[in-house]
């Protein structure tokens, strides 16, 4: 506690600002991350374009998930993690000492690998984000808007008070997306959102993601290259914590510049 | 692989412990030729039986006397059921109990005065004697404050023994009470003593041996509970302390009883604060 | 040479035999208690639930002891639950790892301190302290019992609640944090509700221990069979079922033994009802997590 | 330096000092005069007023209201304290207590201090939700401290008062003169013998039952009933076990003779559910695919249990058993009617003879305090009992940590 005191009692520093080029929502600038002594992310630089879908692909353990968790400071919840570098969101560095990671997370929503609805009712799940952030909104309105946005409304509109865990896996995941939308984020991060789902549910989620890019900037981590090719506008290929290649999805899949990318995409390893 | 090795060693260790234990047990069950004498019952008699047993045990290698408390009723039912060799009692045996023991043998090992003790502050404030009527009033809840009988203006904290104990029975009989308004029920004499001494305005009753120090005994109807007064029969609250046996004692039991009744045994009775029977 | 199949069968029957013995022992206790209590129940019937207790007159109303047991247990929870829950939340959610590894085994150890030691300390140190502070009539009181039992229940409640808070899946907490909730909001709105079954079974366990505790209570409660007037007067002394058994059993003979067995059955029933409630609570929350309503 | 933070820190410091003073006064029954309480009140409310003025300019809504509310509580308490008599005689309401007012003052100081320091975090974080979080954390620190205080007091007292009594004589000599002199040697041996015999009885029974329940029994009604029975037995108060042990083992089985075996049997029943449950848990923690893999390789069921299931679950079983035995070692109620005599029983020599045991010895010595000079002996016995029981538990924890296995 006293550490915290000292920290807070330091001179208030002015938040660092940087004007991002037009059309770029987030910018990752020489970002490094360590778990204890192992470096998981090695100086990654990346631009995330507004209202576009960016996919991150790569073999297991390459740091995809770590990187995406770095974009809304979810890594702060693990005590052994150390970071270096900057991530700009609308001109603010989210790793700045004065930035509040809780605010960051409100602006950058996240959907996890496994559907993880709270054991509350469907409506309460969605309203939760508004409640904790003290947003003054009508509950019914938010629930309806988010469920409609996530194409779940027709399926659940009669059972909003039911426990969210009674939904099927695909529905649960769409509920999680709807829940992330409720706090009115600008960026949505998805960490392998379809890996626990069957093909039909996956197709629905993919349609939904495509829908979402009209309003949000979406970053998606995926294991499934077809999926990346189908849904994304930009693709980043990572290997062993490094960003090997980043570019237009069509370019990455049809004409990869790097040898390693080509090998991965054609399925020769990974 | 490593883990398996560890587990194996643990299995061996556990089996080893079990083996050692069973060997020990087998060794234990062998009779070592020691004669057991068990004495149980009234906690008032306990110090006598206890101190005698200690001295007796140190003199006899082949006899071991174990003493435990429990209360007079427990002592008597122990000899009815044959669970102990000697039952101690601080009250006379009841007729219903006598009927169940055909060969009852009774030894009066000592005489006890039932002393009324009060907390030191009360004693110092001038309550050094009570009348029988005052004690009855206090125990029946009619007198609630010490100032009603000339003491400090403080509530009386009334301590009694558990209803099943011999001392409780004797006290209630002698006072002619059926019911009390006590604030604390204690299991044994020493518990009563401690409860009275740790509170500032308490009253309780204990065997004579348990008085003195922080727990001064008050005189009853002007008679102090002293050895001389009890011996002369002046003190009204007095009772005999008994050893009850089922049948004439033999062997080790006889030796122990004889020791208690011997002049050395009776000296011990006096040492722990009671009056020798002869 | 016995075939492997036959050997397998034999082992099976051996274990079946052992399990049967254990189970028989358990049920035998239940039956034996009832058999021993039966003479008293038959003779006194509902008088056993009255408030009059007088051995000389053969009145054996156990109500004061039942009342005392409940009062003491509830009081102990009032002391232990706020403190214990707070400490558990601190340990499981906030404490830095090195403090946690230090404190958690320490608290588990404290749960193992024998009750006679708590009783001894409580009777020697606490009785006189409370007597002086509150100007009570004497050193024995419900309050002393409540405080000692509260302290005794603390380690159990802390340790069990901590376990159930720790068992809440991390992805639930992550989901909440990712929505912009602070850690404290997450604890309050997600972690605690998710762990509520474990926490309530910890509380019930603590209460069970408080009701079943004998030695600590016996030394400080005063053991008088009377319901205080007014009934919430915790500065008076009283009795609990356990203390009643412990104090009277030593000198009991005849019908009192059967009465004490009835008291034992009452204790037993209270505890059984509590453990069934805790089972139901547990079940309900598992259902919730599995999506059944 | 930021003034806002300075004010917060100041309020926090003042309130913490007030809280500590209040606690100290409560614990030592120090006379707290009403003026001390007033000084504390004035200091804290003045500080708040200051911060209120400062914040009022930046935080428009909640702040002013919150300050007014707080100040009114403070004023009400202050006004009430004038009417508080020197000693509040609760006997006028038939409650058996007479509470001196220092108690109210020190208690109020304690709570006032804690509450103010709790609130002091809000201006610190500019009344954002992190302020509430910091305040909540602070309250949790406090509960942790208050949880540890009584436990430390207990440990400190036992060690401080008992350590002087633990001498070589105390550990090796017989009980002399009702515990006034001599030691507790027979009681130590008695307790150890009790644990050992209990272990011998309970291990095969408990582990065998657990293996049956976890590996063989079909999950049906019967198993559910058994499990419920085990649960109920685990929660059963130890005095009920004592009652059963006395009525069944002592009176019926051993002809009224208290003895080591009767005590051990009672304790075995007491620990049986603990052993069954922990062993079953340990067995169930072994994943099912391991069993399937072994069976698929042609091993028989018993071979699978022996070679695949038991080895990894052994540490868990052992931990549970040792914890159960640790509990058994400290129990008084089940043995006081079944196995123990205060003295004279000597070192345990036969299963069918009474013994002496440390917990019961402590109880007996406690009873004699005041009548006999046994204070030091009693504290030393308590310390010794604590060392033995905690030693058993520590060894269980060590087993658990050392051989812990993850699947």
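Descriptive notes on the structure:
Going in written order, the chains are labelled A, B, C and D, and every chain counts its residues from 1.
As a working rule, a residue touches a chain if its C-beta (ideal position, glycine included) is under 8 Å from a C-beta of that chain, and two chains touch if they have at least 3 such contacts.
The shown structure was predicted, so the numbers you read here are calculated from the model rather than taken from an experiment.
Closest to the protein's overall CA centre, chain by chain, comes D. Averaged C-alpha coordinates give centres for subunit B and subunit C that are 33 Å from one another.
The mean-CA centres of subunit C and subunit D are about 12 angstrom from one another, to the nearest whole unit. Look at where the CA atoms of subunit A average out and do the same for subunit D: the two points lie 45 Å apart. Contact of a single residue of subunit A with at least two other chains is seen at positions 102, 132.
Residue numbers of subunit B whose C-beta contacts span two or more other chains: 69, 155, 187, 198. The set of subunit C residues that touch two or more partner chains comprises 137, 182, 185, 236, 250. Taken as a graph of touching chains, this assembly has some other topology, since it is neither a line, a ring, a star nor fully connected. Inter-chain contacts, as defined above, occur between A-C, A-D, B-C, B-D, C-D.
Interface residues of subunit A, counted against subunit C in their complex, comprise 72, 74, 77, 79, 102-103, 105-107, 109-110, 112, 114, 116-120, 128-129, 131-133, 162-167, 176, 179-180, 182-183. Those residues of subunit D that touch subunit C in the complex are listed here as 29, 87, 90, 93-100, 103, 129-130, 132-133, 136-137, 139-144, 146-148, 150-151, 153-154, 157-158, 204-206, 208-209, 211-213, 215-217, 226, 228-240, 242-244, 246-248, 269, 272-273, 276, 300-303, 323, 326-327, 329-333, 336-337, 359, 362-363, 366, 369, 378, 382, 385-386, 389-390, 393-394, 397. Of all residues in subunit B, those touching subunit D in their complex are 3-4, 6-8, 10-11, 14, 17-18, 21-22, 24-25, 28-32, 34, 36, 38, 47, 50-51, 53-54, 57, 64-69, 78, 81-84, 155, 187-191, 193-194, 197-198, 210, 213-215.
Looking at the complex, you find that subunit C touches subunit B at residues 54-57, 127-128, 131, 137-140, 222-225, 236-237, 239, 247-248, 250-254, 256. Within the complex, the subunit D residues that touch subunit A are 1-2, 5, 9, 124, 129-130, 134, 137-138, 141.
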